[in-house]
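Labels for the chains are A, B, C and D, by order of writing; each one numbers its residues from 1.
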Amino acid sequence: MELTVFQIAVGVRRAADAMDRLEQELNAADAKLGDGDTGSMLARVIAAMAAAEPQAAASVSDAFGRLARAGMSATGSSLGTLFASALLSLSKQTKGREIQWSDLSDLIAVARDGMMARGGAKLGDKTVLDALDAVVVAIAGRTDAGSVGATACEALDRTLVEFRDRPCRMGRAKFFAGKSVGLDDPGMLACASLAKVLASEGAGAHYLTT
Amino acid sequence: MKKLINDPARYVDESLDGLTLAFPSLVRDGAAGRVVRRAEGMTEGKVGIASGGGFGHLPLFTGYVGRGLIDTCAIGNVFEGPNIDSCIDAIRLADGGRGVLRLYGNYGGDRMNFDMAGEVLEDEGIRCTTVLGTDDIASGGPGEIGRRRGVAGLIYAYKTAGAAAEAGADLEEVTRIAAKAVAATRTIGVGLAPCRLPSAAKPSFELAEDEIEMGIGIHGEPGIWRDRLRPADAIADEMVDRLLADLPAQSGGEASVLVNGLGATPLEELFILYRRIRSRFDQAGLTIAHPLVGNYVTSMEMQGASVSLFHLDEELKALLRAPAECAFWRVD
Amino acid sequence: MKKLINDPARYVDESLDGLTLAFPSLVRDGAAGRVVRRAEGMTEGKVGIASGGGFGHLPLFTGYVGRGLIDTCAIGNVFEGPNIDSCIDAIRLADGGRGVLRLYGNYGGDRMNFDMAGEVLEDEGIRCTTVLGTDDIASGGPGEIGRRRGVAGLIYAYKTAGAAAEAGADLEEVTRIAAKAVAATRTIGVGLAPCRLPSAAKPSFELAEDEIEMGIGIHGEPGIWRDRLRPADAIADEMVDRLLADLPAQSGGEASVLVNGLGATPLEELFILYRRIRSRFDQAGLTIAHPLVGNYVTSMEMQGASVSLFHLDEELKALLRAPAECAFWRVD
Amino acid sequence: MELTVFQIAVGVRRAADAMDRLEQELNAADAKLGDGDTGSMLARVIAAMAAAEPQAAASVSDAFGRLARAGMSATGSSLGTLFASALLSLSKQTKGREIQWSDLSDLIAVARDGMMARGGAKLGDKTVLDALDAVVVAIAGRTDAGSVGATACEALDRTLVEFRDRPCRMGRAKFFAGKSVGLDDPGMLACASLAKVLASEGAGAHYLTT
């Protein structure tokens, strides 16, 4: 099953709408460990991505490229920058070719490695990387949007639980890693929450026409 | 927590507009207007110093753009690093043909964006070096100084590296001075009450009515302990003890001290702290030169203070004393 | 409301100790140590300017002791006028043989004590004149300017009368300039949250979580209205309208503006205000020279701001531009 | 009946002790109209007066003089300065002579006029002056401490009530006189509260010996 520009655009619009609800929740999660801005940052970044009109992109690569550039303009925060650089990696990897949902695991794996190189975190540090890594593993071999979405969500929820009682070893929370035990990492939480939004059932077309 | 603002989305840009209107020595530049540079432009043949970081710490960072200090500043949103374009613009605008030192606080987002900007600019032939402020002793043990956060002490690196650049030093030398200044600086903060991000519904952290937090970061990052408020002298003593327990190797018995207000703490209280801090350093045989007391690096309306020690040798002392002039600080 | 203090009874003295330790250009003097004067002493042959008032407004009053500004300052307890002995000491220490201008804010306690001090000193042959700051337009109609409170605008009288004295003007001339500066100054304040006297159990006033008070005094005295918090631009507009509705006769189309933080309001917000105020004055055809934005006259940790207009003619403009130097302000 | 140094000293000590209780109440009254310091100021001033050892004074004039000087050193506030200047007036008026309780009305009348000259307020402005004026009238002709105290207290309570719904025309409250309607003037309130303390029954000597 092909991954389309339309699907990407619907996903971005859905995520943008969902940030209304998620913004303060993610801020609150970050406030306990960091500086309390994860939610407001993502709300702004995803709004900028939606405004970049991914639906008008000529290709999947172009769509990812638009999102990456919009994200990079909208923030210099840790998570936002890493997200944007991951999208840039997806854009580069998909240049000049059609993409199947079954390719997604490998594509995200490469993006994940780029984020590690850029940000200096390792797997196990309790960051957004562990969330992405779980997704890479879970969706390997899945060929359609529905099962990719479902397995990714399931993997993310499991990963949140798995890491909850471990200490954060990167980002602002690293300094008092002990305090992060028992708390969700805001970057991982953002991944899980947004994955649920993207995977949610229902027609998407109206998002782009209204 | 009330704020005199219009729209959280316009907070940074409106504030920068007011800043540059009030201080004609500063102008906004860069594609998104998120660079502040000296009005007279970059001096040809001088090593440039580009800094930057998240907004909400005035007078840091933009306020220190000026003669004998830094040249440009990339400005992010509140508590977010500057984006890559602003970093690129800030570096380009600080280029006077002899290379640019990137000098900013050790935060993940800022590093990634300044790094990526440097990679982009390599092709343009602008030589870049990097020195990161890592003065917050609450954010890592003496064995992992490179991991520490950069807080108020960054202004000492601005001042000394800025003086070296102004005097004509080359990029290696300016970079050496900045790194030496950072290595000679130690800061500890204490928080009494939080600030609130303009876009956030709640304050950045919560403290009970009688509680304080030792070691808090300038974005409200968690500190060392939370406990009951105690007398100013007891707080000053603990801060001094922690700073004296973390002396850099090169400490030579003389230092500048910065008693910095985090935003909402009145000068009256900073002086009460300084009085005690000064007498404790006197007792410890540490000579204080060039004390600074005031709001130099803030966290919007956060209540609290930080104490920085900048350990001096003759070289750093001369650079600290060199003429400098910006909107919020001047030496002559 | 937390404070970094030790004992309320030692608040003023400990803070003054810290202030004078941090700024060696200032020393404590007078029988009770409640005068701050220039370290180098009084210049023989110069007209002296003595000021003073209650504590809790730093940098006012003591911070403005310096070259081209004021000479001595009598300091009371928090929000209480200086006592008569301190007033006597401040006047004596400001005497360089050519008389002393008493220049301070229009408050009952301050007036009584400076007046009594003057009566005592008549016998000693020290000639004294008095000019009172009366810039707060919220505290009386245009017909009763002499009854108005003195607030942040006092620093304009310091600056211009100080410049005249420094240039060698005689007592009559210095007094004339101070009176002219006061007559040319208008201020309006807005409060968002109160301060607390160190000895008081409760804040100096109460405002609901979404309430502000227009026209509040720098000791928390009641203002013109209390209502819901509104956007910064709307608040700025009302302050500008009120200031423009109260133009002094001598207004010549040019003014300095001071956007002053009351203590806990961050610079970021003052610049947001300034941006709007500036554009409103531009629209009104008022040219702004020498804008000042920052914490010049505070009320400890009170949250809010004041806006002052200092209407200029050529004489006042030249005096405002004259070199001056104190711990918290400098012109050159 | 003679007014003695001992009586003055006991009165000061009693007032100083009572300020523990009155301080925050008077601060609160001043906070509504002025700057909220009346109580803390009076607590400090009266403590300084007690520390000036009025009991060791050689004469009533000397006792009043000690209190005046102590008050003047302790504050520069409106009310404190006026109080101290009134005591200075009492000291000057009583120099070199013995004082009867029956003299008190005339003595306070002169002090009141001095306060008016110094502070520029008029009777009817709703200040401490109106309180003193009521005392002058009420105690005229009273010859002993007991009846002076009782009539003064009664007059002060009546004056508070009488002025409550009138506007303050002097001091910090004058600017928004309308807001003072319905509120007690802190200076008047201080007078009434302290008069009650001074007039209260019971042995006073232990105050000076413990």
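Assume contacts are C-beta pairs under 8 Å (C-beta built on N, C-alpha and C of every residue); 3 or more make two chains touch, one makes a residue touch a chain.
All figures in this text were calculated on a predicted structure; none of them were measured in a lab.
S.K.: Considering only chains that satisfy the touch condition with subunit C, which of them also satisfy it with subunit D?
M.R.: Intersection of subunit C and subunit D contact lists gives nothing.
S.K.: Compute the distance, rounded to whole Å, between the mean C-alpha positions of subunit B and subunit C.
M.R.: 30
S.K.: Could you state the distance in Å from the CA-based centre of subunit A to that of subunit C?
M.R.: 54
S.K.: Return the distance between the CA-based centres of subunit A and subunit B, expressed in whole Å.
M.R.: Roughly 32 Å, centre to centre.
S.K.: CA centre of subunit A versus CA centre of subunit D: separation in Å?
M.R.: Here subunit A and subunit D have centroids separated by 73 Å.
S.K.: Would you identify the shape of the chain contact graph, picking one of line, ring, star, complete or other?
M.R.: line
S.K.: Of all possible chain pairs, which ones touch?
M.R.: Contact pairs between chains: A-B, B-C, C-D.
S.K.: Any idea which subunit B residues touch subunit C in the complex?
M.R.: Per the stated touch rule, the residues are 2-7, 11, 14-19, 21-22, 55-56, 58-59, 192-193, 195, 209-210, 212, 229, 231-233, 235, 259, 263-275, 278, 291-293, 295, 298, 300-301, 303-305, 330.
S.K.: If we count contacts the way the header does, which residues on subunit B are in touch with subunit A in the complex?
M.R.: It is residues 8-9, 32, 54, 74, 76-87, 107-110, 112-113, 115-116, 138-140, 147, 149, 197, 199-205, 217, 219-224 of subunit B that touch subunit A.
S.K.: Could you list, by residue number, the parts of subunit D that touch subunit C in their complex?
M.R.: Going through subunit D, the ones touching subunit C are 23-24, 27-28, 31-37, 39-41, 43-44, 72-82, 85, 118-120, 170-176, 179.
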